[in-house]
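My questions will all concern the structure given below.
For clarity, chains are labelled A, B and C in written order, and residue numbers in each chain start from 1.
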Amino acid sequence: MEYFLELFLGGLTRGSIYALIALGYTMVYGIIELINFAHGEIYMIGAFTALIFASVFTLLGFNDLSILLLASLAAVTWASAYGYTIEKLAYKPLRKAPRLSALISAIGMSIFLQNYVLLAQTSDFLPFPRLIPHFSFMDPIVHVIGSAELVILITTAVVMIALTLLIKFTKLGKAMRATAQDRDMALLSGVNINKVISFTFIIGSFTAAVGGVLIASHIGMINFYIGFIAGIKAFTAAVLGGIGSVPGAVLGGMVLGWTESFATGYVSSDYEDVFAFSLLVLILIFRPEGILGRSTTQKV
Amino acid sequence: MLSFAEIRRSVLVSAWFMFLTFPVMVIRVNPIEEVVEWRWRNLIMVGAGSFLISFVWRYLIARKERGKKAAEAGRAGGPPLARRAAVHAGFHKPLMGALAVFVLIFPFLFSTYQVNIMATALIYVMLGLGLNIVIGLAGLLDLGYVAFYAVGAYAYALLNHHFGLGFWAVLPIGAVMGATFGILLGFPVLRLRGDYLAIVTLGFGEIIRLVLENWNDFSFGPSGIANIDRPGFFGVEMSLEAATNYVYYLLIGLVLMTIFFVNRLQNSRIGRAWIALREDEIACQAMGIDKTKTKLTAFALGATWAGMAGVVFAAKTTFINPASFTFLESAIILSIVVLGGMGSIPGVIVGALVLILLPEYLRAFSDYRMLLFGAILVIMMVFRPEGLIAGARRVYEFKGKKETSDTADGIHT
Amino acid sequence: MKAKLVRFGVFTLTALLALAMSAGVGAAEDIKLGVAGAHSGDLASYGIPSIRAAELVAKEMNARGGVLGRQITILTEDDVCKPEVATNTATKLVSGGVPVVLGHICSGATKAALGIYNASNVVVLSPSATNPALTQSGDYPNFFRTIASDDAQARLEVDFATDRLGLKKLAVIHDKGDYGKGLAEFAKKFIEESDKAEVVLYEGVTPGAVDYSAIVQKIRHSGAEGVIFGGYHPEASKIVMGMRRKRMGTVLISDDGVKDDTFIKVAKEYAEGVYATGPRDTSQNPLAIKAVKEHQETYGADPGAFYLNAYAGTMALLNAIEKAGSTDYEAVTKALRSEWVETPLGKISFDERGDAIGVGFSMYQVRNGVYIEVK
C-alpha cells in the first residue's frame, strides 16, 4: 500500500508539471486552433533564464529566498516575452493561411529556439541550483514525498485556481472565452482579438515557465533539449483531457502522470511511454473529443 | 520611405529584441566553474541586426499584403517566369530532354559521394510524395509517418538477416507491410479529426520506435542490425562505386514510378474523392463518397511508399537502428511536403532536394545549420505559406467546346 | 502535367548545377589518413580531440621525414554520429583515396560505415567505439580499436560489485541507448552466470524524462543493495540524486559515460561514493605526458575525451604502414596484428579480432569531489 501511495504521489508530481505546460497548449489551441510546437521551448527558456539569473544573483551574494523569488520573476517575465514575440512573428501573419502552414512555422520555431539556446549557451547539462528549500518538518515522510514535490503540488494548485478564476470572472477571461467560441462574432462585439490572443500566449508562457523553474530545481539540471520531450508529453496531456478545456488539461496531465508512474512501478519503465500513448489512443477512440472536451456538432 | 514613424518603429523593435535576448545572448553562466561571462557585444549585434531586419520584414509583409489584394481584385499578373517558360512549347521539350540527360549521366559527372547524397535525397522524394497523398491530397495530418518507413526498413533488415531474402523479394513485401500498418493505424483513427489525428499518429510513430528500441529479441534493440545486403543485380559482384551508382539508378526508377502513380491517382476517381474529403467532409459524404474506404486508402497508399522507401534505405545504408526513425524525421518529411507545396508533385520534389541537400552543403556552417533550418521554415511559411510551388487547383471552365484536362493544364492555373 | 514537370526541371537543373563540387586531389606521393567522427553537433566534444591527435602525430612524423619517405596528409570528415550520415562520410573518404581511417567515434556510425570501408579494403581504427559486436562478430576484419569493449567494462563492474563489495542483490538499469543497454545486458548476463548475486531488477529509463521518481521507488522496493547503471552522466545523476533524497544508501556502480567530472559537478554532494569504470590511469606514462603537453602548447587547453586513444591509434596505424613497407591492405592489417608499438596508452598490439592488447579499464570512486582509482 505504501508503494502504491509513493507511485501515486510521484505520478501526481509529474502530472502537475505536465499540467502546467499543457495549460499553454490548451489555451492557445482553444483560441486560434494551433498546436504551438514551440511551447515546450518556452518552458526550456524559462528554466534557462531562471538558471542564468540565479547564478548572477548567487555571485552577487543574495540570500536563498530572494534568489528564488527574483529568478522565478525573471523566468516568468522573459518566458512571457518570448511567448508574445513568437506569436507576433511566426503565427500572426499566418492567421488566414492554411492551418498546416502555421503548424510548420511552429515546428520551425521550435527547432530555431532549441539551437538558439544551444549556440548562445551550451549543449552540456548544467547543474540547476536547488532553489526550493528543504523543510525539516517533511523529514519523517521524505521517502514518500519530498519538500520539492510538495512545493510543486501546491504551486500547481494555486496556478490552476488563479487561472480558473481569471477565465471565469474577469473581463479578459470573458473576452477569451468569446474569442474561443467565435472569433468573428467576438470581433463584432468589440473584443480586441489581437490583444486577447497576445494575452493568451503570455498566460500560457507564464505557467510553462513556472513549471520549468519548479522541475529544474527539483531534478537539478537542465539542457537545451528538455523542452522537446516535456512539450510532447504535455501536448498529449492536453489532448487527453480535451484540448481547449482548462480543467481538461489538468486532469489530462494527472492521468498521464499516473499512467507513467504506475506503468513503471507495476510493469516496466521500458514501456512507460508505450502505455502513455496507448492510453491516449484508447481514450480518443471511445471519446474522440478527450475526457472533458466538449463534443462539437459540425455545422454545414 | 524612411519616414520618422518607420524609424521609430524599428528602434522600438530593436530595443524589444535587445531586452528579449538579453539573458540568453549576453550572459553566459558556467555554474560548474562559477563564472559569469558578460557578452555585451552580442547585445549590440542583436540590436543592430533586428533594427535592419525589421525594415525588411515590414517591407516583405506589406508586399505580401499587396499581392493578396491584387489577386483578390482579379488583377493577377501573368504566371511566374518559370511557369511561362515551361508552358511555352519551344522551351518544354529541350528542357525535359536536358534534364533527363543530366539525371542519367549524373553519376559519371560527379564523385561517388555526390551520387550517394543524391540517392539519399531521392529516398526523401519518395517519402515526400507518399506523405503528400495523406496530407496534401486527403488532408489528414499525419505526424507519425516515419513509423511506416521504419516498418519497411526493419522488414527488409530482419527478413534479410534471418532468411537471407534479397532486396527484390522484400521490396513488394515492404510495400505490403507498409500498407498493412497504414490500415492498422487507419482503423482506430477514422473518427478523429484534425489535430486529434495528429497527436494519435505522433503517438503511433513513437510506439513503433519504442517497441523497436525495447524488444531486443525481435529487433536487436538500440544496437541495430548491421551488414544488410545491398540490392542485388543478377548476382553480379559490385564495387562500392558501382553499387552506389546502381542504387542511384534504382531510386531514379522508383521515383519515376512514384511520380507516375501519384499523378495517375491524383486524377483518378479516388484522387478526386480525397481532395473532396480534404475540402469538406460532410459535403463529400453527401455526394455519396464512402468516407471510411477513402480515408483508409489514403493511409494505406501513403504508407506503401514509406514502406518501399524504408526497404531502399536499409539496403543503401546496410545498417539501421531505431535512432533513425525519430519524430524529428517525421517533422522533416512533413516540412518537405509543406515547404514544397502541398498537393503539388514538382513542389514536393523540389522541397525534398532543398531540405535534404541543403544541410549537406551547409556543412561549412555546420553549427548553424539547424538554426538556419528552423528559421527558413518559419520565414518560408510567413511569406509563402502555400509552399515553393503551389499545388494547382483543378478548375473546370466552360469554354464553349469540350476540352480534355491535359490540354487545359497550361491555361487554367 | 507536362508543364509541372518542366517547372520541376528548371528548379532541379539549377539546383544541381549549383551544387556541383569537385573532389579534392592530394599530391600522389602523400599518405592520406582519413579522420572521421562527430566534428560538429552535440557530440562534437568526443570527435574533435581525435582530429587534433591525428594532426599532432602527423606533424611530428612529417618533421621527421614522414613515413616510408612520404608525407602524411589528413582528410577529416564529419559524420555527426549518425549512421545514415556516416555512410556518406565513408563514401567521401573512399572516393578521396584514403588507405587508413582513424574513426569513427560512435559505435552505430562505425557499424554503418564499416561495410563501405570493407568493400574498398580500407583499414579502420576507432579510438572510442566500444560496442562488442564490432570485434566479436567477426564481420569486420578491417576494424581495430584502441579502447576496450563494453563487455570488459561490464565484467569489471560485476566482479567489483560481487567480489569486492560483496553485494547479493543488484538492480541493472540502462538508458535504452546503444551503449548503455549493450553494457547492461552484459552485466546482467555476467551476474546470472556468476551465481554470486541475483538481478532483482532489470529496466531501462527514458533519457530526458521529466523525473525518475517512479524508477527510484521501484529500486527501493526491489531491495537492491547496488545499482549497476549503463548510460551517460545526466541520467546517472538524476537517479543518484533521487535515491539519496529518498535517504537510500544504495551503491551506484556505473561506466565511463559517468566517469566524467561534469557528473560530480552536477550531482554535487550526492555524487560522493559513486563508483565508475574508466580507462586505466595513464598519468605516469611519459608518452602520455608528452602528448598532453603538445596539446596544451598547440591549443592552449587540456585535451578532450579519447584524445590519448586517438593519439595511440594514429601512432599504431602509421607504425603499421612503416613496418608493412606500403599502404597495402593485407600488409597493414598483418603488421597491426603482429607489431608492438609504444604509445601513450602503454605498449600495445592488436589481437585477431581487432581489440587492443594492453588496454583496459580500472574502477574509480568519487571521494571528496574527485574520482580516485580504487586499487
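Here, a contact is a pair of C-beta atoms (placed from the backbone, for glycine too) under 8 Å apart; a residue touches a chain by one contact, two chains touch by 3 or more.
All figures in this text were calculated on a predicted structure; none of them were measured in a lab.
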item: Centrality ranking, top chain (CA atoms only); value: B
item: Between the pairs B-C and A-C, the one where more C-beta pairs touch; value: B-C
item: Gap in Å, rounded to a whole number, between the CA centres of subunit B and subunit A; value: 29
item: Chain centre separation (subunit B, subunit C; CA means) in Å; value: 34
item: CA centroid of subunit A to CA centroid of subunit C, Å; value: 37
item: Subunit B, residues touching no fewer than two other chains; value: 31-32, 214, 367
item: For subunit C, residues contacting two or more additional chains; value: 176, 204, 262, 265-266
item: Residues within subunit A bordering two or more other chains; value: 126-127, 270, 273
item: Subunit A partner contacts - residues on subunit B that touch it in the complex; value: 16-17, 19-21, 23-25, 27-29, 31-32, 34, 36, 42, 61, 64, 135, 141, 188-189, 191-196, 198-200, 202-204, 206-207, 210-211, 214, 281-283, 327, 331, 334-335, 338-339, 342, 367-368, 370-371, 373-378, 381-383, 385-386
item: Residue ranges of subunit A in contact with subunit B within the complex; value: 29, 33, 35, 45, 48-49, 51-53, 55-56, 59, 74, 78, 81-82, 85, 89-90, 93-94, 97-105, 107-117, 119-122, 126-129, 232, 235-236, 239, 243, 270-271, 273-274, 277-278, 280-281, 284-285, 288-290, 298, 300
item: Subunit C residues within the subunit B interface of the complex; value: 1-13, 15-16, 19-21, 23, 39-41, 78, 80, 82-84, 87-88, 91-92, 94-95, 107-108, 111-112, 114-116, 119-120, 131, 133, 137, 139, 176-178, 181-182, 185, 204, 262, 265-266
item: Contact footprint of subunit C on subunit B as seen in their complex; value: 31-32, 82-83, 85-87, 91-92, 95-96, 98-99, 102, 106, 109-114, 116-117, 120, 213-214, 216, 221-224, 226-227, 239-241, 243-244, 263, 313, 316-321, 323-324, 344-346, 349-350, 353-354, 357, 360-361, 363, 366-367, 388-389, 392, 406, 409-410, 413
item: Sites on subunit A touched by subunit C in the complex; value: 3, 6-7, 10-11, 13-14, 17-18, 118, 123-127, 142-143, 146, 149, 215, 218-221, 223, 225-226, 228-230, 233, 260-261, 264-265, 268-270, 272-273
